[in-house]
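Note that chain A is present in both complexes that follow, paired respectively with chain B and with chain C.
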Partner chain A sequence: MNITINKQGGKTLVVLDGRIDSSNSDRFQKDMAPLMEGDSPDIDIDCGGMTYTSSQGLRIFLLLQKSVMARKGKLVMRNMNSHVKEVFDITGFSNIITII
Partner chain B sequence: MHTELLLDAYHEQLPLYEKLKSIVVEQIYTCLHENHIRIAGLESRIKEEKSLANKLELKGYKYHSINDVTDIVGIRVITFFSDEVDIISALVEQMFDIDWENSVDKRKSLEIDRFGYMSLHYICRLPGTICKEADMLELCQIRFELQMRSVLQHMWANMYHDMGYKSDVEIPVEYQRNMNRLAGMLELADEQFSRIRREINDYRRNVQSLVATGNFDEVPLNGDTFRSYLDLKPYQRLMEKIAAINQAEIYEDSLIPYYNVLLHMGMKTVGDIERLRNKYSDGAYQLALLQLAGTGLDIVAYSVALQNICIVAILKQGFGEAGLIRLFAALYGESAYNAQRAERVFEQARKINLV
Partner chain C sequence: MKKKRFNPITDRSSEIITFLMASPDMPDDADLRFKIELSIEEAVENVVRYAYEGGIGWLEAGTDLDDKSLILTIELRDAGKPFNPLEEADPDITLSANERPVGGLGIYLCKQMMDSITYRYEDGNNVLIMKKLVSPERA
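Right, the complex of A and B next:
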């Protein structure tokens, strides 16, 4: 999976490409760790290229969401394909994270 | 000459005043925190030299030493409700030694036909327990003034003061009537806020007891009663069953966003949502089984149980895909994807004969 992280106007923009599963979730967590602290709590994740997420990926998104909420910011995931959205729907994660 | 001596003593004691102020403020904050009391504000100040000089000019004959001036260190606790002033004062009496002779309850000192400055002023010292420590002896000689009043009393006093009058100096008689009308109105408002809060607390206790004893049909559905119902963990058993499909971890998210959904679905009482749960839990589980089995997804949000109950209820009541689209719009916001989501769930529900 490819992860691109940029800062833009106090917001962190993340572009995800490929699958998040057990083979790369450790790396994904390491890449996301700096976003869970610091003074720019607003995170915008473009999931247009994300083809799948396993439970490991969901847990990392949950950590992100908690850290963002603790800093009174907002996590938004956008351009998710319908398969990935289904994963969020059936696990109830659509109730937790803002998906547009 | 006497005034100058007192002012010199004041300057010498300034570090002590600072220390005393910090200790008192910290003790008050700690006490409020331990007793779970929220306040509107806490102000603290050390009387400025100019203000002290004015006071000594007017009443210097009263003071033999600087420690006879009791309001050099001043603390003010501002409560949200007027009846909380008595709670704070009870705590203050436990925290500090009160000089009752010089303390005054301005709330009681007003005559029955007078309205105006309402505040409780205590003249205090640090307690004897602290004064046993050698380095605190000097501090314990100093008295400080602790004022307690509600935020509305505070507002009135500030406005009065802002117009250039001290609370014990009356404004010109031609304006007095209007000021009195305002003071009376604020006193009434203070009382009303306290009364409303008491009634709301009584109401909450009552519905909590009705919910706890299972008298759900007697309990109208509102934000408070929904929270009380959720405290009973009504969806726990269903959620554990759903989690067992993949031996999943349950993440406890909030069900509060479902309150509006349930209202839209016509729920009027807690009994209505309890019936919804009883009637559609099996279908909700069947839907989760179809969706989750074989996916390996081993984390699920607690809200899945209620989410699926709502889905099944809508389908069983014949609202079809259009009903699901409305449900998803209420939960996740308006989006073109809601139609696709509804179509997918409708198709899944059809496979297990929910429609």
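Right, the complex of A and C next:
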């Protein structure tokens, strides 16, 4: 998996490429950890290249959403493919994270 | 059934998943493969992480396809502590982000993605059998 993180204005732009599974979720959580603190909580994640996520990925997206909400920010996930979107739908994550 | 015993299994989830997904019993359809791989990962991870409580143990993984090539069967067998994942309560997916506990979605995803899951404890082994309709009509 490839993760690109850029700051633009007060927002953090993240581009995810590849798979999030049990083999790399620890690294993904480490890479996302800095985004879970600080005073610019708005995060925009481009999931266009994300081909797969297991429950290991979901737990990190939930941690991210909780931390963003605690800081009154907004998390947006965009361009999700249909397989990944179904995982978010089935688990109710589509209702608690803004997906566009 | 085409099966293989992995022993030990510590840190070998990816290898076990790859073995199962490479089986000739697996369908070609991308949507079916996504659902099957996700279910396999969640079920295998459960065994690798929790069955032997940090100790060393084995997992036997196999696939089978019925005579009509309609129903794929995935069987996982381990000798870890007895654990029936089907007895775990489903998560409340109507809760808000703040109320949602972190984790506990793996088995729920298996149940949603597969057509049937059965569990039995047999001869000191946990046996988990997941089935999925893989007929071309379905895909």
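Rule of thumb we're sticking to: the second predicted complex is superposed on the first by the 100 of 100 C-alpha atoms of A that agree within 3 Å, B and C clash if a C-alpha of one lies under 4 Å from a C-alpha of the other, contacts with A are read in each partner's own complex, and residues count from 1 in each chain.
The working rule: contacts are C-beta pairs under 8 Å (C-beta built on N, C-alpha and C of every residue); 3 or more make two chains touch, one makes a residue touch a chain.
Keep in mind that what you see is a predicted model, and the values were worked out from it rather than measured.
S.K.: Put chain B and chain C onto chain A via the superposition and say whether they clash or fit.
M.R.: Clash.
S.K.: With both complexes overlaid on chain A, does A:His83 touch chain B (first), chain C (second), both or neither?
M.R.: Second partner only, chain C.
S.K.: For A:Tyr52, using the defined touch cut-off, is the partner it touches chain B, chain C, both, or neither? Pick first, second, both or neither.
M.R.: Touch status of A:Tyr52: second partner only.
S.K.: In the overlaid three-chain picture, which partner chain does A:Leu63 touch, first (chain B) or second (chain C), both, or neither?
M.R.: second
S.K.: Where does A:Ser23 make contact in the superposed view: on chain B (first), on chain C (second), on both, or on neither?
M.R.: Only chain C; A:Ser23 stays clear of chain B.
S.K.: Who does A:Thr91 touch here: chain B (first), chain C (second), both, or neither?
M.R.: both
S.K.: First (chain B), second (chain C), both or neither: which does A:Ile99 touch?
M.R.: In the superposition, A:Ile99 touches chain B alone.
S.K.: I need the one stretch of chain B that runs into chain C once the two models are overlaid. Options are 220-228, 238-246 or 274-282.
M.R.: Looking at 220-228, 238-246 or 274-282, the stretch of chain B that collides with chain C is 238-246.
S.K.: Overlap of the chain B and chain C footprints on chain A, residue-wise?
M.R.: 54-55, 58-59, 62, 82, 87, 90-92, 95-96
S.K.: Please give the residue numbers of chain B that touch chain A in the complex, ascending.
M.R.: Residue list for chain B touching chain A: 248, 251, 253, 257, 288, 291-292, 295-304, 307, 331-333, 335, 337, 340-341, 344.
S.K.: Name, in rising order, each residue of chain A that touches chain C in their complex.
M.R.: 21-23, 52, 54-56, 58-59, 62-63, 65-66, 69, 82-83, 87, 90-92, 95-97
S.K.: Once bound in the complex, which stretches of chain C touch chain A?
M.R.: It comes out as residues 13-14, 30-31, 34, 37-38, 41-42, 45, 91, 93-98, 100, 102-103, 105-106, 108-109, 112-113.
S.K.: Flag every residue of chain A that touches chain B in the complex, lowest number first.
M.R.: That would be residues 54-55, 58-59, 62, 82, 85-87, 89-96, 99-100 of chain A.
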